[in-house]
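What follows is a short report on a single structure.
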Amino acid sequence: MLLSLVLIQKLYIGCALGLLVFVAHALLGRVPLSYNVRNLSLRWKTTAMTALAFTLVMGLLTVMLAFVNGMYLLTISSGQPGNVMILADGSTDESFSSLGYSDIGDIENQAGILHEGEQPLVSRETYLNVNQPIENPRPGRPNRRFVQLRGVNDPVLAGRVHGLSLYDGGTWFSDAGVEEAGEGMSLIQVVLGEGVARVMAGDRTDEQRRSARNPDRLEVGDTFSLGGRQWIVKGLLKSAGSTFDSEVWAKQSLVGPMFGKTASSTLVARTAGPDEAQKLRDFLATEYKKSAVNAQVETKYFENLSATNTQFLYAIAVVAGVMAVGGMFGVMNTMFAAISQRRTDIGVLRLLGFTRGQVLLSFLMESMVIALIGGLIGIALGSLSHGWSTTSVVSGGGGGKSVVLKLVVDQTIIAATLAATLAMGFFGGFIPALSAMRFKPLDTLR
Amino acid sequence: MSKALSVEVRDVHKFFTRGGERLDVLNGLSLDVPQQEFLALMGPSGSGKTTLLNLIAGLDTPSSGEIQVAGAVISQMSEAALATWRTRNIGFVFQFYHLLPVLSALENVELPLLLLPLSAKQRREQALNALDIVGLADRVHHRPGQLSGGQQQRVGIARAIVTDPAIIVADEPTGDLDAKSAEAILELLVQLKSSLGKSIVMVTHDPRAAQRADRTLHLDKGRLVESGMLEHA
Amino acid sequence: MKYLSLIFRNISRNRVRSILTALGTMVLVLVVTLVWSVLDFLQKATSEKNANIKAIVTEKWQFPSQMPFSYAGPLSEGGPREKGDYRVKPDDSMTWQFYGGSLVQDPKQRNPLENLFAFAMEPRKIMTMMDDLDDLPKRDPKAAEEFKKVIEKMEQTKNGLIVGKDRLKLLNKTVGDKFKIYSINYKGIDLDFEVVGVVPPGRYDGSVFMRRDYLLDGLDQYERNNKKKHPLAEKTLGLVWLRVPDQPTFQKVAKQITTNPAFSSPAVKVETSSSGIGAFLDAYRDLFWGMRYLLAPAIWVTLSLVISNAISISVRERRLEFAVLKVLGFRPGHILWMVLGEALLLGLSAGLLSAGATWYFVNKVMIGIKFPIAFFPAFFIPIDALWWGVMVGGVAALAGSLLPAWSARTVKVSDVFAKIA
């Protein structure tokens, strides 16, 4: 993913440089630019139609790239630089991991792990993917979903290790993890990501939503059902932009057995920084003999999760590439027609002393200007998608995590799209411009 | 309605509006063309001769007045009705031939026949016959680009007569031709009149062309200024 | 169609333009076809069927589902308890266990590409129950006959492995090869395998099938060697698939199973495969929405712009010709249809050609497009794509040529020939 972004950047720089040389050449060579511009505005309908095709293609490309970018940013910002994530040996994903109880205590006492007083900063967690039947499914929508449930031993510690805090008004769940609701009913306490709070808020009936404190999001004190039990929200995690945004956290000793997983799946240990984290990981991976574990620097783990992004980027590249080719044929048509309409003009220009090269350049500029006008509008429209929330799935080959991500339009994307625009304008105009260049001046005047 | 008349133009006015200004092109013009007459219309540019020709050919409708052509009052017809009427009753010959470059001579001549309920075979026969009349039986499969100007105009004339219309309308048919070709085209028109009994209305600048007509009318500022009757055998 | 040849001539008049327009149409139709194929496949996979319903039984709460193997027998019959309960026929069920491993013993040296992930099941059921293989005899009787032999071979070879062609290539093995797999999920149960055949090309090109009794033997062997059960011994059964004739039977079987106390720890759920897939795909719903309502329409509009542009240019160049045709007696409607006809002929034929080529290339040459959504390894172009192509090309051509055709229709003869003033 990083590699492809770097490549795009390189491509852009290359194109920008090319354009600069091009413009400089055009100005120094006194290409009859005003003539081309005048013509563009004279044939404004054709120009507008061609430009509109660019607007659509580039607008789409912007949105698609913003999606991949959002996914990428989500995965890189989910990990803490100083954290080491420890899974059972052989498990590539938390869903499949199961750690022995005795191993946990020993790992927690390894050097390099930060302490808070006596307490090592290690969060013991059980990651569960739980089926949640949806009580009032919307028409045409499934009647169940997967909820990502994380049983944590100590929520305060877990929040500290993952760098997450709660929105005002929320509290971490109690040590017991449950509270009485009268009539012998008990409620399981949870804190949850804002994203999943919004998703679950959509399960309520319209009537329930009208009387709710917040129709769009579960708030502190709201309840939901899962696994045949009622659960109460104690706090909302400030988790936007990370995979934790889609997670529900509850007491590990309660939810683990409830869903058939008594062992911890994951340990997350906090060290002083990235270097220390790398050291601890290397130690656990190579020298630690007591038990075999799969230790990864947390940022690396999340980077692997973005393997999906590369696949998406690949798919987008194919789609965008094909669309660009289609658009290019459109530009070629426009330019061929423009040139055949102006055969005489070209002859006159040549007789006045303009060179073949200047004629070529002037028509190339013309097609690139059309592309640029359309492309810029497309990028501007596509940029409106910045900040849209969408659901998706990230995975690194093992189990996937469904996530709520925001589309992010940034400089790199604008640059890449702009480069694609100019490239399309260039290639679309090149062959027609070549043909214009090859007119014999006297023939055209006959 | 006199049977002997092909064209009757009665007190026709035609004006155009250009940039908000009214431009009177024909001012109460009246004109008769008997059957089987070859009439030449002359006049300086802007005199209204082409407008008059267009009105007779049913390409345009007058602002006021009445026009009867081949027994039909065409001044009141709708555009669609005019189109259908034109196919059967008018043959149009253009100065610049206006053949479709993608079609062969035969196909160009066949073109108006597509509008009539004829079989492919009938269309072909009729088109070949028309080309034979204009003397191009050996050029039927040539494209316009492969024919000389005079030959192209012959194809244009063949196309004009292929539906067997009573009236042929020609707008400067020799304007784009050298003297020799022009003479041959005029000869052809005269023959069409005498052997096929067509009425011909021709607009021209060329006095020599007008000489081949039975009668020449001069237009100026939308009126007929003088008419002479010249007999040709 | 006496005008057809005229329309055809006009299209071939400016060859470069027509070819460019046709090529543009073809590539854009290609994208729409691909996008729709994916959406269509998912739509079909998630829409409920009324007959021959496939049901999935899994653990009620947890994903991934891990049930004890003791569930396998009774669940395969539909969990009947009383007389009158529906009994699923033997060929109408299958069980799935998953065995993952690598050719490389040292976990640190492993390359994910050399891993394999096998469905452990009864060989016979591969052809009677697996989606897209259960209809092989109908689709391709010859391939089915050959695959039957592969399955017979597997039934005689306990450690036999049937591998998809892509996976086989990644593993760098061929049929007949024998090798050891070091398990990733069943730690301590490393097994020797022999490749007995290849899955018919298509959906399972990346998949591997092994015998379930071979995995169960491995679990027993582990218990004998280590004097304790393998940690996954009671969690080895992933899914049970059942085929039932209709909805009422499905409801009945679902009730039989969910009310049967034998399946209470862990509890199980029964759902149709389409609803199970639907729940799984729900996470991608925004993506699908974008594909359906942003991507495909925008491409479609782009396509009609490209066509519209080409047709406008050609109409503008031919204003005089249209006027001549009008003089010859052609009515405005004739001219309108002639222009629409040119666009339509171009759009329809380019659309059909593109969809046909896409269908052939993706299905017969590439054998499916690998698009990373959910657990579907490859997507195919349905035969319906042929009429999609025609429709996409045709509608875009019609939309794109309407305005230019109208402007051609309204060419005023007297304007074009006006020599007045």
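In order of appearance the chains are A, B and C, and numbering begins at 1 in each one.
Keep in mind that, in the parts below, contacts are C-beta pairs under 8 Å (C-beta built on N, C-alpha and C of every residue); 3 or more make two chains touch, one makes a residue touch a chain.
Keep in mind it's a predicted model, so treat the numbers as computed, not measured.
Steps from chain A to chain B, taking the shortest chain of touch contacts, total 2. Counting C-beta pairs in contact, the chain pair with the highest total is A-C.
Ranking every chain by how far its Cα centroid lies from the centroid of chain A, the top place goes to B.
Our note on geometry: chain A versus chain B, Cα centroid distance of 71 Å, whole angstroms. Each chain gets one centre point, the mean of its Cα atoms, and the points for chain A and chain C are 25 Å apart. Rounded to a whole number, the gap between the C-alpha centres of chain B and chain C is 65 angstrom. Every residue of chain A that touches chain C in the complex is listed here, in rising order: 45-46, 49-50, 52-53, 56-57, 59-60, 63-64, 67, 89-92, 95-96, 98, 128-131, 141-146, 227, 258-261, 285-286, 292, 294, 308, 311-312, 315, 319, 322-323, 325-330, 332-334, 336-337, 341, 390-393, 397, 399-400, 402. Only residues 2-3, 5-6, 9-10, 12-13, 320-321, 324-334, 413-414, 417-421 of chain C touch chain B when the two sit together in their complex. Across the complex, chain A is touched by residues 16-17, 20-21, 23-25, 27-28, 30-31, 34-35, 59-64, 66, 107-108, 112, 183-185, 187, 231, 266, 269, 271, 275, 278-280, 282-287, 290, 294-295, 298-299, 301-303, 305-306, 308-310, 312-313, 317, 371-372, 374 of chain C. In the complex of the two chains, the chain B residues touching chain C come out as 16, 18, 23, 25, 45-46, 48, 50-51, 54, 57, 59-60, 79-80, 83-88, 90, 92, 94, 98, 100-103, 107, 111-112, 114-115, 120, 159, 163, 171.
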